[in-house]
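In the two complexes that follow, chain A is the common piece, with chain B as its partner first and chain C second.
Then we have the complex of A and B:
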């Protein structure tokens, strides 16, 4: 009845610097995010969690707590120092033609240790990513439509007419005027750029959508538009989401479960309403009591 | 249907130098299918906290909450996995809280229809049901497409109630559901809840309004007293 996780993260650690047994050992404990022995910076330390099909999992924590480092490792942008990630394809039998889910080499294997063509496949087919900064997620000089079609080409799209039609459909869905499809996103406002990023990220119908501070820096009315879009996607397409935010309001609105991070470590996790109303750890209590 | 034994809850307030605050202690009661239990007690006695423990917004300190789920078998909600709790919340257990959490840019009708849509109902059908429920609760049709953030307290609470019961839950938890309503709306809500009970919904509610409690409850549990 209760499904298997679509993503399993196990003991993921990222050390910026040369690292030593103190900061690399899963069981070692020290305060802060600088290793006392080798002065390396701890990005993430011993992170393990499961993401279930259709679930929306939140990651909260202050700036520098390692949230973005974690999602960028999951998206295979940066390599972890150690740790493993396992994926499981959970299809409903209605996948688009030619969609193969996971390559056989990725089934039951640690993706971080997989060969580069397997990683490329995972990145192009399995994940969708929306970065905090549109500069990372879009080619700002290429047209909005072009950005989306490029993503579909990577996921083996071949029929340019069909892809263009889908790009225009997705832009409509994300409330970008379709007549601006052939304009480069550098002409767009921040909120529009974020919505183009979302259209691009969902164009290949990913199993997992990673959202890194998507509403940060947007004014409240645009923020509401983006949040509304994400909530609609939750109901409309079968996708699991990882939502990274330092905004507890965003976390409350979007997620079922939440992980709290501090200094690169998970200090607490639970149902979102429980984290917000009955936080157990000191840091979480301070965080919840600091929210507006 | 649900049997609570020796349930206690304490809060450790790190902000107050680790002070332990007692929520409630040693609460035990049981509710049979289709029955309603009212929780009675003064403010601060922990009525809401008991409900929040059952819904697992609070992590219970000790004790058990045995729930006979329709599709997942018997489970102890006090220690069920987060994933199990999410599943029963989606399909069986609903909670009418004291206040509505506003969802930006979503109309009253869609706020109410959303739980149905999320469980796979068609949008048109869900909206139709939501409209019928809102009319029954006395929300004027002109407000259906407006955003609840601009509504009065009583209107917001009726939206909240409608959202919580649109799926006719198996187990309904209620925390002072009528506290912000006038007499007329209170009577409407009570009739609605009675109808829901007839259809088989089991209920646990915390009430200040004795009239509402008497109308709905089959048995009463008094905090610091017993069933």
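Then we have the complex of A and C:
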């Protein structure tokens, strides 16, 4: 049985600048990511895709191709100029205590157009986000345990002992010594910070985990550790993931399906193996060749 | 309450209660809005007064806006009727309104207070007005006003809770003394002004109308009568009030009121007295009669 997609993105466009009919038109085509008529920068243009339950979807593309912009729009950090997002979630009864899934106002509605109260709820319950730099995802002055507990507090956790027990369990899972739970992450190494971020993102058992360049800037052995962790999580908890990377190795290792982006547009999409072994678009061919 | 522009006898330079009628009208409207949305901070145009900002101008403006000729006013500062702030505010209001002043909690129709609530529960015929230095409870965790407003609007209070969590991790319990944040009507987190934790329980489901005003920060908020007010607490780390077990007031012998601790400089001993002067006096009188 084919399940319904958990996230549907439709015609998402982000223009940095005032925009004009040319760059806002879904069907218009021009080279590069600068609009020829109004000189606005096109962050993303007419992006549509589906994310299915338990699937890992990769987004690949060179720097400046709009990957991070897209993910930050999905996480409701920035507002798109145009476009819609629909979320759907079928609970299986195994949700953690206090989990209320999607608020009723959000079912079948475009999330971008929802009230900020609803958006906040979705951000807290539905998504987990791991940013490229730990400063964005963590409060570096607050203890590591506190960072993880914060998301449980958002979900109305009010029992300190229970929350601390879960936080130490998650830290154990991400291989951070539990004794360092009450230390602020600013004392941690970059790799450890990244792992605390992952622990924080999964603490509420979100339906969708967004990973934005999680391994960039880490050395190879730490990269391997983080990737191992993500693969383990993928097997253990029921979560759909969106993995953004410019590193084809990461994409090959983690994802089932891949989207290739260039100049804010999707130029190719399909099964990861297919894309990497038999790229159709010229740009993808160059990308794959240069990486291998 | 008087609505027409009237002069007080013997002092025809100022309008009744100092503020002009338009200012009073604006402040009364803001008060109505604040009552309609319990715990929500309503911005208002804070007027200049002949006392400096930070010395109770907020509370004073509310008092001046709602006071009428038949009101009886009590002003306290930390429970005491005779400390500088209370005396000066009382004298000023007397000079611009001529209304009756009292130190008797039961007799007063309006009580303006700095940092205490009288021990004797107020009734539905009374209004208590708090002087507020910092109206924003989230300021400790967020410096930006725009951001705190967004947090209130979305009920995004996780950072306040996180602050309490960190406090527990560091100190073993919540270390906030005065200004303990409360949930009003299960919606907004509110700063109850720097009243001790002892007084927080009196706000819950109180019979009287509670008005709060910060003159410098230009915010009015309110707790209407019979409104739920809950201090922020965790299931395994409960809110607790100050502990005066085994101590009692040395003047009146009361063991069930909030006590001030003073240290005798000559021999370093600690002494405890009621913080609420009126309550203490009545208690002493009763003891003498018996």
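The rule is short, and it goes like this: the second predicted complex is superposed on the first by the 291 of 292 C-alpha atoms of A that agree within 3 Å, B and C clash if a C-alpha of one lies under 4 Å from a C-alpha of the other, contacts with A are read in each partner's own complex, and residues count from 1 in each chain.
The criterion applied here is as follows: a contact is a pair of C-beta atoms (placed from the backbone, for glycine too) under 8 Å apart; a residue touches a chain by one contact, two chains touch by 3 or more.
This structure is a prediction, so every number in the text was calculated from the model and none was measured.
Novice: By residue count, which of the two partners contacts chain A more extensively, chain B or chain C?
Specialist: B
Novice: Now for A:26: first (chain B), second (chain C), both, or neither, which partner does it touch?
Specialist: After superposition on chain A, A:26 lies in contact with neither partner.
Novice: Figure out whether A:79 sits in contact with chain B (first) or chain C (second), or with both, or with neither.
Specialist: After superposition on chain A, A:79 lies in contact with neither partner.
Novice: Given the touch rule stated above, what does A:37 touch, chain B (first), chain C (second), both, or neither?
Specialist: neither
Novice: In the superposed arrangement, does A:153 touch chain B (first), chain C (second), both or neither?
Specialist: second
Novice: Report for A:285: first if it touches chain B alone, second if chain C alone, otherwise both or neither.
Specialist: In the superposed model, A:285 contacts chain B only, not chain C.
Novice: Between chain B (first) and chain C (second), which, if any, makes contact with A:231: first, second, both or neither?
Specialist: In the superposition, A:231 contacts chain B only.
Novice: Report for A:219: first if it touches chain B alone, second if chain C alone, otherwise both or neither.
Specialist: Neither partner.
Novice: If we count contacts the way the header does, which residues on chain C are in touch with chain A in the complex?
Specialist: Residues 150, 153-156, 158-159, 161-162, 165-166, 168-169, 234-237 of chain C touch chain A in their complex.
Novice: Any idea which chain A residues touch chain C in the complex?
Specialist: 116-117, 119-120, 124, 139, 142-143, 145-146, 149-151, 153-154, 158-161, 163, 182
Novice: Where on chain B does chain A make contact in their complex?
Specialist: That would be residues 11-15, 52, 56-59, 71-72, 82-87, 101, 103-106, 114, 117-118 of chain B.
Novice: So in the complex, which bits of chain A are touching chain B?
Specialist: Listed in rising order, the residues are 1-2, 52, 55, 223-225, 227-228, 231, 234-235, 252-253, 256-257, 270-271, 273-274, 277-278, 280-282, 285-286, 289.
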